[in-house]
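Take a look at the structure set out below.
Chain IDs A, B, C and D follow the sequence of writing; residue 1 opens each chain.
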Amino acid sequence: MKERLSREVIALRAAREFFDGAVVNLGGGIPALAANFVPEGRTVIFHTENGALGFGPVPRSESETKPHLMGASGIPFMPQPGMCFFHHADSFAMIRGGHIDITVLGALQVSEKGDLANWTFPKRMVGNIGGGMDLAFGCPQVIVTMEHITPSGELKILKECTYPLTAPRCVSKIVTDIAFLIVTEEGLVLKEVAPGWTVDEVQAVTEPKLIIGDDLKEMEL
Amino acid sequence: MGINKIYKTVEEAIADIPDGATIMIGGFGHAIDRPQTLIKALANKGVKNLTIISNSAGVAGKLGIGSVGGKPFIDEELLVENGQVKKVICSVPASLVMSKPNAFEKLYREGKIELECIPQGTLVERIRAGGAGLGGFYTPTGVGTLIEEGKEKRIIEGREMILEFALKADYALIRAYKADTMGNLIYQGIMRSFNAIMPQAAKVAIVEVDEIVEAGELDPEGIVTPGIFIDRIVKIPREESK
Amino acid sequence: MKERLSREVIALRAAREFFDGAVVNLGGGIPALAANFVPEGRTVIFHTENGALGFGPVPRSESETKPHLMGASGIPFMPQPGMCFFHHADSFAMIRGGHIDITVLGALQVSEKGDLANWTFPKRMVGNIGGGMDLAFGCPQVIVTMEHITPSGELKILKECTYPLTAPRCVSKIVTDIAFLIVTEEGLVLKEVAPGWTVDEVQAVTEPKLIIGDDLKEMEL
Amino acid sequence: MGINKIYKTVEEAIADIPDGATIMIGGFGHAIDRPQTLIKALANKGVKNLTIISNSAGVAGKLGIGSVGGKPFIDEELLVENGQVKKVICSVPASLVMSKPNAFEKLYREGKIELECIPQGTLVERIRAGGAGLGGFYTPTGVGTLIEEGKEKRIIEGREMILEFALKADYALIRAYKADTMGNLIYQGIMRSFNAIMPQAAKVAIVEVDEIVEAGELDPEGIVTPGIFIDRIVKIPREESK
């Protein structure tokens, strides 16, 4: 089997989309790893919906871990100059008001129109909406990071999502373990393939017909 | 000479909470932001048919997600498990780890508990509206999803929006860092979350804090929750919180 | 002519309605004077809509006056232990949310139903709504302080207000320079008359028929 | 390495404000809470057809109401008097002293300026809604008064309420006490008022401050306006503010 990108490399590729000065909220799982890969020379301000902005990296040891400095996924953070705190109403005012430039989220399914499904699926009677729906509706740029297919081989990039939506037409970019795609009015554009992967191989595990970007290239790692 | 707001024990502070009360429980889901001692006292008191308004239905405590070292802590799962809860209004009802379902999921599958699951931003804004004397608001969050079912929609400035209504409660149980004798509160780091929003929306707001200081000892510029929102204060240092 | 109560005494009478622990917002003019007459043994927390709670008395000299410690009417205040500050959205959330127990406001007209008119009148093309309308709608107890009639002798306590309303059915108590009245479902109840004034004399300058309180008495000063 | 937000002069900071812009002007009405220097620069620049969203139409400055010693100060009356303003959305359009009408009243009587006069709590809540991504809200304030004219009403929880819509702006001009280099702001006493609410609702937020400090010098627990809302900072000590 071909080599797929690791979770870290998916996160690294997503982090390249962070522009200088961007305000970024990271979901749990692969997205959270993107905090470690901010491109050199760019300053990114991280937001966590439980009420902090501009915090620093994960502490290196438990002795540096403070119970009051912890992000929404339960990952602790270090203080950083310029950091601030606020309550939940203010935090979601920031999100819904479009003040968080970029969110990186996981997904169960993404449609070619950019519909996102990531909070529940029919077999699970109870799903967790959490803050993801507000992020998907509120952030100008929604980047999805995920494995391209499920462990059992089901496709996740579909013509139409079959799971309940988190938000319609919200995703702008998708980073998977084999490709980087962007969502356009015309459909999904394949911009980059993972080293060793061909367009046909990516198309074979993607339901909608991919548009091949003029500048299609192998992902630089 | 002003009202005494300081209670010696959590039991006294919650003594008048009756069966059937609607209770907001503060915090987001971390050990430090939950009113663990008040929740435990409510469990011991055994009041029933409660409606709980909270970020979650109790999903992180037992798993130790959100505490230093992954140490388990108390959240509303204790009340749910005890069968004290009739309904939960929250954004995170189910366990964060699918293979380890929480008490809420089990009861919900058996039809023994009701749920109103809404986006977190809508939840906190509905609580804010309740405290701010507003009837409701229009939000884009949820349009085109299951959330819009049964709700009024309208287009505002070209964008479809859902009408959501204010939430209020009989009691709010919250955690803060320090209180002064007038009830002014400060928090530490991420502790503000729902704690700094719920007292406004409740008839009676009860807070557990690490420390109680004299009025004037907190920097007036740094007070987060004005004392007029707080009715009862109990000192529970966090190392004793449970 | 009979002696009428001074502005200070009107304010003093209004201040007797402040219960221990009450949160109180005072309008400009006579209401502002009530800050000086809080009954002994009671603690009152003053609110000003421009963003302060629990502040102290007016400074005794200009040297003690700070530009950042000033109420909505432009009256400076001294710091006081337990004081705090907040922005306008939070301030009016307090007002509209019913968290300010009592407001004392001036009035152009008050009706027997408790309708309040205090922000404009037809001849003035432009009136100032300010924060008064939110106070009148939001505070559980609205106390009006005013002269009983206008300088030119027009009645101000009417069956129906003829000026644009600030809020309908909001006033609970009225303190004038000749009487103290309360608004009830049945109508205006005369509770106290100023020293030397009779019921008939008060009725003569009050349009609606007054209900005479069982416990009617002369105002104690 | 992040965006430089510090401008040397107010002229540079407002250089791109065009004719016809919608501008929120912060403060309540006191000398210390108004962005006097930014207002003056806008007057000098001479841009026209502005829509001003502010607590007042300029009612206190010339009269010196709200300053220590009754010293006159600059507010939006300067822009109104200059004929730069097409419309004002505010809660206090007229002079506080009837015998001394302000510039707005004179122009309004001549039909030369438009007005939307609304309750102060509704005004600030509409601005908050604009910044918070909400479309509008239901408030009881104004039911049964002139304010309800032409507005939708509905009964919520037994109380009649008016539908009010969000307000946004192209620019917000505000005053704060200190900024750090990231744009985090603190205020002093009553300075927060509309200053701490308007930046969120504007595309570009410009602040004049007494002092600019390095990031990290302000207490993270005491920051009132997070820097993400602030685009441009100019240092204008208050004694030089005009």
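The rule we apply is simple: contacts are C-beta pairs under 8 Å (C-beta built on N, C-alpha and C of every residue); 3 or more make two chains touch, one makes a residue touch a chain.
Please read all numbers here as calculations on a predicted model, not as lab measurements.
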Maximum centroid distance from chain C, chain identifier (CA atoms): A
Inter-centroid spacing, chain D versus chain B (mean Cα positions, whole Å): 34
Gap in Å, rounded to a whole number, between the CA centres of chain D and chain A: 37
Mean-CA-position distance for chain B and chain A (Å): 28
In chain C, residues with contacts to at least two other chains: 85-86, 92-93, 95-96, 138
Per-residue overlap in chain D, given as positions that touch at least 2 other chains: 125, 128, 132-134, 139-140, 187-188, 221
Chain contact topology (line, ring, star, complete or other): other
Each pair of chains that touches, named by its two labels: A-B, A-D, B-C, B-D, C-D
Contact set on chain D toward chain C in their complex: 28-33, 55, 59-60, 65-69, 91-94, 96, 98, 104-105, 108-109, 115, 117-122, 124-125, 127-128, 139-147, 187-197, 224, 238
In the complex with chain C, residue positions of chain B that touch it: 1-3, 128, 130-134, 180-182, 184, 200, 214-217, 220-221, 223, 226-229
In the complex, chain C residues that touch chain B: 20-21, 23, 41-43, 45, 47, 53-54, 79-86, 92-99, 138
Complex interface listing, chain C residues touching chain D: 48-52, 62, 65-72, 74, 76, 85-89, 91-93, 95-96, 124-131, 133-134, 137-138, 164-168
Chain B residues within the chain D interface of the complex: 125, 129, 132-140, 154, 156-157, 159, 161, 165-166, 186-189, 219, 221-222
